[in-house]
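The following pair of complexes shares a single chain, chain A, combined with chain B in the former and chain C in the latter.
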Partner chain A sequence: MSAKTTPDRRATPPSPAQSPQRPAARFNDRLEQATRGAMARVAGNRKTGRMVVAFVLAFSIFAIANPRVFLSPLNMQNIGVAAPEIGVIAIAMMLAMLTGGIDLSLVAIANLSAITIVSLYSGIAASDPALAESLTIPILLAGVVVGIGCGVLNSVLVSVVGITPILATLGTMQILNGIAVVTTGGSTLYGAPAGLSAFGRTALGPVPLLFVVFIVIAALVALFVSRTPLGRKIQLEGANPVAARYSGISSRTVLTSTYTIGGALAGVAGVLFLARNPTASADYGASYVLLVIVIAVLGGTNPNGGFASVAGIVLATLTLQIVSSGFTALRLSSYEYAIAQGVILIAVMVLDYLMANRRSRRSRVEPGPPPTPPGLADSSSTTLTDSH
Partner chain B sequence: MQMLRTLRGSNNEGVLALVLLTLIIAMSIISPAFLSAGTAFSTLRSATVPLIFALAVLVVIVSGGIDVSFAAVAIFSAYTAVSFAITTAPDLPAFAIIGFAIAIGAVLGLFNGVVIARFRLPTLIVTLGTQGVFVGVMYTYVGATYYAQLPPSLASLSSVTVIDFATGTGRASLHVMAVVAIGLSLIIWWMLTRTMFGRALYAIGGDAEAARRAGFRVMRTQVLVYVLVGVLAAIAGVAHMVMGRSANPQDLVGDELDIIAAVVLGGASIFGGRGSVLGTVLGVILIQVINNSLLLAGVPSAWLRAAVGMLLIAGVGIQAIAARKKARRVHTVDEQKADRVVEEVAS
Partner chain C sequence: MASPPTAAVEPVLAVHGITKRFGGVTALAGVSLDLLPGEVHCLAGENGCGKSTLIKIISGVERPDSGEVIIDGVAHSRMNATSAITSGVQVIYQDFSLFPNLTVAENIVLTAEVAGRQKLYRAASVRPKARAIVDELQLDLDLDSEVGDLSVADKQLTAICRALVHAARVIIMDEPTTALTHTEVARLFAVVERLRARGVALVFVSHKLEEVLAISQRVTIMRSGRVVTSGLASDFDRRSIAEHMTGSELDESRLVADLDESAAPRLVVSHLDLPGAFHDVSFSVRPGEILGVTGLLGSGRTEIAEAIFGARPAASGEIFIDGRRADIRSIPDAVDAGIGYVPEDRLSQGLFLEKSIADNIVAGSLDRHRNRWHGLDRARIRATIAGLFSDLKINAPNPEAPVRSLSGGNAQRVVLAKWLATEPKVLVLNGPTVGVDVGSKAQILDLLRKAAARGMAIIVISDDAPELVSCCHRVLVVARGRVTHELSGDEITAEIIHERMAA
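So, the complex of A and B:
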């Protein structure tokens, strides 16, 4: 675009009057082709870019509206501590959506994992506190294993029995939630390994350790989806199941691993619940089911499958967390936050629709690139000024 | 064979009826008190609000969508109408309050419908969003007060019964709202099977693009579907308050998935184009009877939720396996996935 600022000295005929705008049009075509190619290569960077804008926007709005409360280190730390548990479940939801499914049971799995850990720990600690403390890691692993078990249950229902994901996970959500209610008797259980709580309070400089864990998990999942054969298969399965089948991809394997990994991530989220707050109950995070779907869609996940971006999920999680704590800083109620969530979700989807519509209309109206006579290619960029 | 197929029904209604019958017979053998007019009426009473909700969900599911905001619409419209009557116009007659609630429900449904039909967005996600908006708006701008007393005109409706007689074990009475629910079932049945609008719903649910090419006005029908859901939800909301004799803004929301489970159990396909009022009614009553039986059998109420989940998995799982066997027999590709791809290409 330097041609705009520097007057073209080597501009040669054809003058604009003689052949109006042709080189410029060709330049435009080339520019468009190049950008389209780039778009196609990093398909969805547009959506991630949109989330960056939303993130910065949300942050600056609340920073300006109430800088004293919102920008305080305590509030920043709170955002960093509260985001991981939601973010990890959102990543699991993203994986399910990537295959064109959905997993409504994630929050119930996370709660069951947390309940398992608390019951195991307090059961052992009742007789021997030191032993319970030394068994922290195995106990936490037991929670994650419960998550994996629930994930396997989902995956059997979805891939072997062949139940639609939304119904299968709706059913397991009810079952797991029921089991959680029965085991806790409907009350809140207290007691988590002291080491875990200490871990939850630790910070690397200004960054809470929990947040670091979140970023590490996000990075691992991103690598898994984009760099491993299984991850690519998951993407293709969601984008076009028929093509995936004819490419020799076993949808059963893909779905089984997706829902199992989702269960494992939900189990980890249960551990994160406890690291933040050493209590477990059957109805913790009841509003998370909606929130996690909102995050997944905001983060650029296509609910019909085939496309998702982990970076988008991380940004969407942080943005919603910022909106949530910003609303608190402005003394707005949690119901107003619920309104904001719904409005943001619908607004983003409508915007997406309008953008996609405009793009497809433009590409339909425009003919292909006109045949270009050789030799004029060099002057195209220099004559750009003439067309303006 | 042909007769068996007729008995089974196009959406497995026969199987459902058989399960229901078996359960009722088993329960009557275990506890003779179970089989009485009183139990039947009280089951109908507890099924009233879920049944009206289920009709709303059935209409949406047949049209190929899904709505999880209906409970929010119900509580929003009923609570707004009732609190308006209590605070500003205590002498409002019952039909005016109900009419006001229905109008609010229709407007909220219209909002859902316009967003979904105009922008062709996934219905689950849109209604998840509007659910949050509706509940939030109600708490923030309408109020969050619990009214233990309804306006006099509605309160007098609370004790109206249509059939009322003494039995050996007590009184058996059929609440007027249960009659409303039965009437609505008949209306929706008539609408789905005997009107052009009903046929349009099945056509759109089966294949929206084919319906459009066949001359159905897809967008208009879709908007009307969600308006209808809003109206039905508002009636359910008022019925809930009349039967509970109080207006609590925290009620109803949160049990949406139970209703969807009942409708799916009743044979409606989550992909649209299939479902019947008879199946839905049977599904709702089956869940109510199971709830009652578990309570009578002394199972802790905490297990109810899990029981509904297991029932759903069992019901849908059997359907899925049967569908797969059928598909294998005629050597077609996996229809569900193929449909999804077709949708993707179309959008």
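So, the complex of A and C:
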């Protein structure tokens, strides 16, 4: 890594996880920091780096296979507009996985948020369209609040009642899906604030505004995870819940905030659904539940908790979106896309395994002191039974 | 103690001129060792001296670059783990590698059945086989209890029995006495005598020099991949072994700072009570004082510490810090009150193994490093990490290295750093030097003295008497959940502590 030797400050690329450069920070300080962190960053960014490769690879393959359709501005715009809603849910999934849990209810929450917004809007618009339009922001907030409410429900089940996250959120997913079907009668609802649809169509030059929103959310979450005490506690809780407890970290606080934030992000994803397409239904994005888990893991999230990278999630989201639209450009079906998803996931996992093998062989070059033997893992459990 | 075996006996196992390199680093340089039937051979050395690598080579897990392993006069240059087992070499690791969900009898017999390529498992044949071994060693083991419910000592005995099923000629035990009480150690040593009578050669890898000296016939000491010295155990004492291990003279004399007798106590524990764990525990610790708490495993010493830290709060009684009553119902309560706790099991309770040293150091003090926007003040965090990293002399290339890569002594320093970063008023340490090599141990005790000198009140829970003698102003002895003795001044000697603990 060049950061080790070059004094150039561009040598440390400002990824969302480690950005704003404070101009006041002394150069010396930066150099020292860069050197000390270099090792860790190589380790931490390895998975992100691998996603950069996958991203470039996917893009090149389709750009070469069918440049006329794939590289068209329309297709690029489509990728930029479709990625955010999946990406935001994947970021929420990453947070849950960072604590060592999972949140299966995120897509259901997003749908419920979208249904809430459409119902409120069309309910008000039926009597007074102008009023409904002027209430756009409160109506959208209502959708996000529904998301937060669902997140709170999850967090109570996981952190207070202590249900395993996969079961708790499986339950809430079913409940929320059921509520969505019952309230909509299973049909698709139409109608979203015109302002929101206009926002969804707007672009800053070639970049759709929705995509900008996605990047802003990603940057905020990255800052939250790496630069706030709570974010660090979320990482530590996932890395070793027992040590976190013995370090004075309250798992209840950590889990409660994680699932609540996840709910809020899913609520925002519901808004993004509507910005792209002013319809809401209970079964929208049914395939997203597993897709966002794939994205989270591809993006470098450790399913056992403790490690994740928002930059990796953004790249993984884009890569899968590129493959999806590339398949469309090549006139392949969504079933073939499903196969590709599975192949990519397994290929990346195999790649990980091979790289880990090579690393461990290389790291034997410097064996250092042998790892401490398992210690007294049993002694605490025997303190009460043993009284000779 | 039995007389040492004579040199005329043919060794069961001998290694000659073993060299092993990992890349550019030489882990073993021309190491030779021979094990005689019926001897206990102590293999001592600091972490990283190469003894683990040597054991791996003897047990066929690693292959030497040069040199040979000779078992019963047959040289094996390409031994693997399976051929080592069939040749009668057994290693009992610290975690014993037992199946907690199976019974003692099944654990003893099952691996041999599997290794013997038995196609079918006959439950009926298990018990007699296991019974024969347990009887031969005259053990009091319940063959039908599940291993998960056993004490550490009984798990160890189960592992020894399992080794004998494989007709073990050489049994290597990694830190066999670390997790045992004094009575259990005595029991283990009785079993070891019976194993010797069978002609088994035993290798003890240990940090606990006193105990090992009591049972070993010969001692081999390694440092930096070489055998520094080897000879009869009777020619060594604690001090000379430590000197050979560290390569320098070790100061283990009592070194305690004078206390300001008039200072108000920093911590007062008053009539603390938790049914089933401890009763009516009262004591106080002054600023700058190091208080030792000792007792057998299960005496309630750990429970008292965990009650003060809020991990298992007391049912009644009061805790005062600097004269103010602290209502400790949870760990965050204790941390807010200024209490830090270095837990007993550092690998699972103390450390985030996959995280960096830096992340571990600030894990307990994240809220103290907030800036005015409630984010982390990164400059201050860097200063804290860099300061503690160098003050505590943590031996790693940089603070970003993962904690997993550290040796026991360095890992413990990281746990210590985590709590020093919170600037606690009271620091409780449970077994601060368990599994730590001799050199690091002295340094860790020194760090405690320095922390105390800054006005901290320190409680050291330990069953390592020399360690308590070395650093404690007073020592409380706990038995059956009560404080039975308080030792101070000249009363604090290893002999008196042992005597009071056993009483």
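In this text, the second predicted complex is superposed on the first by the 320 of 388 C-alpha atoms of A that agree within 3 Å, B and C clash if a C-alpha of one lies under 4 Å from a C-alpha of the other, contacts with A are read in each partner's own complex, and residues count from 1 in each chain.
As a convention for this text, a contact is a pair of C-beta atoms (placed from the backbone, for glycine too) under 8 Å apart; a residue touches a chain by one contact, two chains touch by 3 or more.
Only a predicted model underlies this, so the values are computations on that prediction, with no experimental measurement involved.
Student: Figure out whether A:Asn240 sits in contact with chain B (first) or chain C (second), or with both, or with neither.
Tutor: Both partners, chain B and chain C.
Student: Identify the partner contact of A:Leu345: answer first if only chain B is touched, second if only chain C is, both if each is, neither if none is.
Tutor: first
Student: On the A-aligned overlay, A:Phe307 touches which partner chain: chain B = first, chain C = second, or both, or neither?
Tutor: In the superposed model, A:Phe307 contacts chain C only, not chain B.
Student: On the A-aligned overlay, A:Arg227 touches which partner chain: chain B = first, chain C = second, or both, or neither?
Tutor: second
Student: Who does A:Gly205 touch here: chain B (first), chain C (second), both, or neither?
Tutor: In the superposed model, A:Gly205 contacts neither chain B nor chain C.
Student: Per the contact definition in the header, classify A:Pro73: touching chain B only (first), chain C only (second), both, or neither.
Tutor: Neither partner.
Student: Should A:Ala168 be classified as contacting the first partner (chain B), the second (chain C), both, or neither?
Tutor: first
Student: Quick check for you: in the superposed arrangement, does A:Ser250 touch first (chain B), second (chain C), both or neither?
Tutor: In the superposition, A:Ser250 contacts chain C only.
Student: So which positions on chain A get touched by both chain B and chain C?
Tutor: The overlap between the chain B and chain C interfaces on chain A comprises residues 240, 242, 245.
Student: Using the touch rule from the top, collect the residues of chain B that touch chain A in their complex.
Tutor: It is residues 66, 115, 119-122, 124-126, 128-133, 135-137, 139-140, 254, 257-258, 260-261, 264, 270-271, 300, 302-310, 312-313, 316-317, 320-321, 323-324, 333-334, 336-338, 340-341, 343-344 of chain B that touch chain A.
Student: Quick check on the complex: what are the chain A residues that touch chain C?
Tutor: Interface residues on chain A, with respect to chain C: 25, 29, 33, 35-40, 43, 223, 227-229, 232-233, 235-236, 239-240, 242-250, 306-307, 364-380, 382-388.
Student: Chain B touches which residues of chain A in the complex?
Tutor: These residues of chain A touch chain B: 100, 102, 104, 157, 161-164, 166-168, 170-179, 181-182, 185-186, 240-242, 245, 251, 286, 290, 293-294, 297, 303-305, 333, 335-343, 345-346, 349-350, 353-354.
Student: Give the list of chain C residues in touch with chain A in this complex.
Tutor: Answer in residue numbers: 22-25, 27, 47-48, 52-53, 93-95, 149, 151-153, 155, 174-175, 178-179, 181, 183-184, 276-277, 296-299, 302-303, 311, 330-332, 334-335, 341, 343-356, 358-359, 362-364, 366-367, 369-370, 374-376, 378-379, 382, 397-402, 404-408, 410-411, 418, 422, 431, 434-435, 480.
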